[in-house]
Amino acid sequence: MTTSTEPYVLNIGPQHPSTHGVFRLRVVMDGEKIKDLDMIVGYLHRSMEKLAEERTFTQNIPFTDRADYLAAMTGNLGLAIAVERLAGVEVPERAEYLRVIFSELQRIASHAMANGTLISDAGAWQTPLLYMFREREKILDLFEMTCGARLTTNYMRIGGVAFDPPVEFWPALQELVDELPDRIDEYHELLVSNEVFLARTRGVGVISPEDAVNASLTGPVLRGSGIPWDLRKADPYSVYDRMDFDVVVGKSGDVYDRFMVRMSELYQSVKIIKQAISQIPSGAHKTDIPLALRPDEGEIYSRIESPRGEIGFFLVSDGGPFPYRFHLRAPSLINLSLLNELGRDAALSDAIVTLGSLDIVVGEIDR
Amino acid sequence: MDSPGIVIGFYMMAGLVLGSGTLVFLARNLLHALAFLVISFLGMAGLFLTLSADFIAMAQILIYAGSISVLMVFAVMLTPLASRDNGNTIYVLPGLLAAGGIATFVGFLALDTSWSGPATDFTTTIDLIGNLLLGKYVLAFEIASVLLLFALIGAIMLVQISPSDPEEGEGR
Amino acid sequence: MRTATQLSGIFVSQVLGKSLPDIVTAVTDEWIEVAPDRVIEALRWLLDSDEFDAAQLSNLTAVDRHTHIEVIYHLQSLDLNHQLVVKTRTHGMDPAVVQSAYPVYKGALLQEREVYDLMGVRFEGHPDLRRLFLWDGFPGHPLRKDFLAMPGRITPGLEGFPFEDKDKPIRPINQENVEAGVAYVVTGETDENRAETDLSEGRG
Amino acid sequence: MSSDTRPATPMSRQIAEHRSLLDRALGLPKLVLVALSVALIGFVISQILIGYMVVSGQLDGKWYDIRDFGNAMVSLSDAINSSGMDSRIASTLTYLIPTLLGATGIVSVVGGWLLIGPWAERRLLAKFQIRQGPNRTGPFGLLQSLADALKLMQKEIIIPRGADRFLYFAPPIAVFIPAILGWAPIPWSPKMSYADLDVGVLFVIAISSLGVLAVFMAGWASNNHYSLLGAMRTIAMMISYEIPISVSLLAVVLLTGSTKLSEIVMWQSEQGVWLIMLIPFAALAFLFASTAEINRTPNDIGEAESEIVAGFYTEYSGMKAGLFMAVELGNAILVGALMSTFFLGGYTFFGLETWIPGYLILATKIGLVYFLFVWIRATLPRFRLDQLMGFAWKFLIPVSIALMFLTAIESSILVRWDAPSFLSLGLIALVNVAAAVGLTFVWMRVLFRDTDLSAPPAPILTRKMGGLQAAKVLRG
Amino acid sequence: MTGISELIFEIGLVHYLIVSGSVFGLGTAIALGKRSAIAVLMGIELMLNGSILALLAFSRFPQNTSSEAGLVDGHVFVVFILSVAAAEAAVALALSVLVYRKRETVDLDRINLMRW
């Protein structure tokens, strides 16, 4: 009908099935179309950056677990690398490889979760999510085996990793790595050619490359828009420069491309893990550092590639044991910069799917 | 002697029709009135069933309870700023008088006239109606379909917002 | 400390100084500093220049330096694969005002809101400068170093530290709040947005 | 820890400790096993005896012929009429007793389903989703729905602020009425149908249009935008998809020449063919449109939980929400029953109904259709509102009307042409399938002539990093 | 005058005509006395329903079986009434939506587009 109705306000969240946490969208709607939207965050704000100023650098590692709780390993790693660069700590070879293995495992787990929830948002009643969870479960089992925790791992340390994995870790990892490509193939068969899924995601939530770069988007969202940018290749940290892998880039920048980038990155992660398993040397897993590490006065901005994009740590040291300023560049938050433009004039269903494809973690947004 | 089902059915349905019809008049809210109107329509369909007019009863449910009431819902929803109360005008007293007059008159006539003829019993009405519609009344049938088509087009024309009209220039 | 891909501030200031003389107020090996009212100019030049091509505002944050607030822009060029750091410092603490980078970088939208919320820097020209995490009416900006020292002895958690000198004059953090007499609003609903969440809109 | 063990999760422990049903049965005491086998042998012998009676025709029309409870009802009426009672009382009784018994039967079928249905759906979904499903309450978790119902009843009934109380309380009851009424014309066996209406098909269509207003009232009275949005979506869907349903049922009526449900089933049984074989497009359109009517995936946009929480019943709590869910479940099998009756041969299965009670065959068919629904729900994402409406108005309605005309022509030929039925019906089936496929293909081509229907491009793999320039190079 | 019990238990034409007249009267009252255009439409629908009932009743209890009218001619008339009612409802509701757009009301007292 060609009648326009009165605009009204719809509060999506903070308790809503598809906001992935306590995230609120205040949407002005006209019928099924979104006229304006405003995101309201902060329900999970724990003032991490302020608390960090009262803790030593090592004591701050658990905060990075709680920030991006779906990719705790990469959060840990980001902080560890930042402090190592600031204080000039050397990391043993074996620790570097363990870091690569675990952050790639975490990437698989996180991407699986992201894609599963995206399809759930599109309306497939949890089936793909639970299939994705099958692999994630095994990865979390591996985490548990190594460091005792499944979600908030707190595994990376300044100067290495906390523990060497136990003996039974390696066969289990090998088995997982062997079966993963088949499993990912299965998802491809199930999802990639599903007509309904294609109809819901293709051409929806398109981000142009120019906008993506200008709005500081990073990670799979940026790559989905066609920009070949991955810090693992562009600014290699750890031992990524010794790994042979490709960076996956989308073409049109819609929801489907972001989905496909995450999907194809799973293969690349498996590839990296396989190489790391074959190359890993023996030796120490950690260098000893002073309990209260006192970096020289100075500041650093160090970034790595988390599953959600560039997770950066801006640390200012005044020479004391505590950071003078601790800032976490949260990719989840910054990837939302374009949300208003994406959501405006979209249908409600499209906006939900678009939000799902941005893969936000509210713990990281709010910190 | 009618079968007890018919007797019970008639009184139930008549009560339903008249009671909810009265409530349509008395309801404060337009949507409440609409709900009662639908109940009244359904009761009317029940009355039709007691007259063994099964096809008409189903058509009544389909057209009145299913479509016209939904149309009214849409009309109410598309006029959001209009008041939703079911208020009366100054004509309510004449209206009530006329209603009472009509009801009394018809009732008096009905009771006073000596009606002859037994009740007919039709087994199925649907094929008889079909034959009549496409036989004896085929012209009227076609005219009715043309009327419906014109009503459809007319309704669309009426509510259409032309994008060129500057006064209602919110055309999408 | 300079990371591997970071450009030397001295080099940046030399090139920048040729086109926009006097814009750089301080420079080290790591960063350059520009005046707060010329931030946009510098950023736009860096974005447009072929030599630096600072296409992305990678990170925007601020540091409380007690006398002023330092706002730090981490810019990066994806094509040339380098980073450069631009800083600016506010004139004093209250009000701490800096030009908004939003006209140049859309990515500054939420980051500036965050800095405004937690550090209290007003970004002029920002289209939608509201608090991001904390509610409207929250007293003060928590990432400032003097956050617990507040007017009227109001603290979010403690009443005040026991060793504090109660008669010491304290610099007000949020002048409007003091004038309005609003201590702090617990519910997160100010008068304006309470009207918005009124029943008339439904509770969708 | 040996090298192949993993940390035992509750799930993995459960899998390791799992024993098959046969294993568990063989573990029972000897006495029980003997009793069970005796019962089994007795059952087989009794079945053979019954089979003999069926073949010799001794059973037909007797009150103990449980293939058709209608027989018992007829015997009962005869007994009442011949008992010498006052005719007025006798006629009242013959009217009342079957009415009440039939109503009880229908309500108990629906009610029994409401106890088993949620369990079945959740177990099935769990199997699709590689998990266990409810298995804690009672044997195999069978009592789960009962526990859920008890929980729902204990819940506080919350009335939202500003709700329209009258219209808020009425809908949960109002939606229940069509859900029960719809069962009336379904034939379960030749004589076993509550009200074998002459206008059965019309009745079905009329009843299905009744739910619309209740849904609207629920959504509007809740004073919540999610509810209103869900109600509006549901209404739009119901109104749109009523037309394909009517048109496909019209095709059924055209072929069978009757609007009586029992006659439609009889026609299929006599011709030895199911209508889904003759008019496959109408059957599929009916199925798809029905999923829209009853709000199931992929058409469940009316209560898409990832978008508008629970749709029109977002604000309902406790047993009121429970009633809405119950109606949804009940409607799912009602659609199964209609689908079976109209297109899958109803209570017949190519002569098997002589041996097995017809209602069991119908129940099996309903179960299969329901299984299909669960399967779809577990597999497919949902469409967007505009896509669904476009599908209904631009594709389903024109194509099914065109095919309905074709069916009309065919049926008029069928009446006049005196060919053996396998020839004529086979020809009809062939023509209809060819027409449906061809028309679908052509119409899709017309509809999507501007849309890119090619497979989505695979993502690019690259090793050269860069920004916009590199992106331009990559895209070529 | 037949017995009162017969009048109660023997449902005949009289009963239907009384109900029909009452419904028609109710419809008249609503159509005349209500302010909202939509409510007026409801009244008109009720009136139509009353007349439909009368037609069906006469069709069930025919007075002149020798006439050339068939048994279900009343039903056919009802079919036409139903289609006219549907058309009328569609147009009338479209009109009220149109009036609402111009005047932001469907109150018949305040719709005076044609005055002067």
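The first chain written gets the first letter, and so on, giving A, B, C, D and E; residue counts start at 1 in each chain.
Methods note: contacts are C-beta pairs under 8 Å (C-beta built on N, C-alpha and C of every residue); 3 or more make two chains touch, one makes a residue touch a chain.
Remember, predicted model here, so these are calculated numbers, not experimental data.
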**Complete:** The larger set of C-beta contacts, choosing between B-D and C-D, lies at B-D
**Message:** Farthest chain from chain B, going by the mean of C-alpha atoms per chain?
**Reply:** C
**Request:** Among all other chains, pick the one whose mean CA position is farthest from the mean CA position of chain D.
**Result:** C
**Message:** Using mean CA coordinates as chain centres, what's the gap between chain B and chain D in Å?
**Reply:** 32
**Rounded Å distance, chain A centre to chain D centre (Cα mean)** = 42
**Fill in**
The distance between the C-alpha centres of chain B and chain C, rounded to whole Å, is 67
**Message:** As a quick test, compute the distance in whole Å between the mean CA positions of chain D and chain E.
**Reply:** 38
**chain D residues counted as touching two or more neighbouring chains** = 225-226, 229, 465-468, 470
**Item:** Contacts with two or more other chains, residues of chain B listed in rising order
**Value:** 1, 55, 59, 67, 77-78, 81, 125, 159
**Request:** Mark out which residues of chain E touch at least two other chains, giving numbers and ranges.
**Result:** 97
**Message:** Which stretch or stretches of chain C touch chain A in the complex?
**Reply:** 1, 3-5, 30, 55-59, 61, 63-64, 72, 74, 78, 81, 83, 85, 105-111, 114, 118, 131-135, 142-143, 147, 196-197, 201-204
**Prompt:** Which residues, counting only chain D, touch chain C once they are in their complex?
**Reply:** 160-162, 223-226, 228-229, 465-470
**Message:** Using the touch definition from the top, list the residues of chain A that touch chain D in their complex.
**Reply:** 8-10, 16-18, 29, 32, 119-127, 130-131, 134, 137, 141, 144-145, 166-168, 171-172, 192-194, 196-200, 202, 209-210, 213, 225-230, 233-234, 246-252, 256-257, 260-261, 264, 347-350, 352
**Request:** State the interface residues of chain C toward chain D in the complex, per the touch definition above.
**Result:** 53, 55-56, 77-79, 81, 199, 201-204
**Asked** Any idea which chain B residues touch chain E in the complex?
**Response** 1-2, 6-7, 10, 14, 17-18, 21-22, 24-25, 30, 33-34, 37, 40-41, 44, 47-48, 50-53, 55-56, 59-60, 63-64, 67-68, 71-72, 74-76, 78-79, 81-83, 85-89, 91-96, 98-103, 105-107, 109-111, 115-120, 122, 125, 128-129, 132-133, 136-137, 140-141, 144-145, 147-148, 150-152, 154-156, 158-159, 168
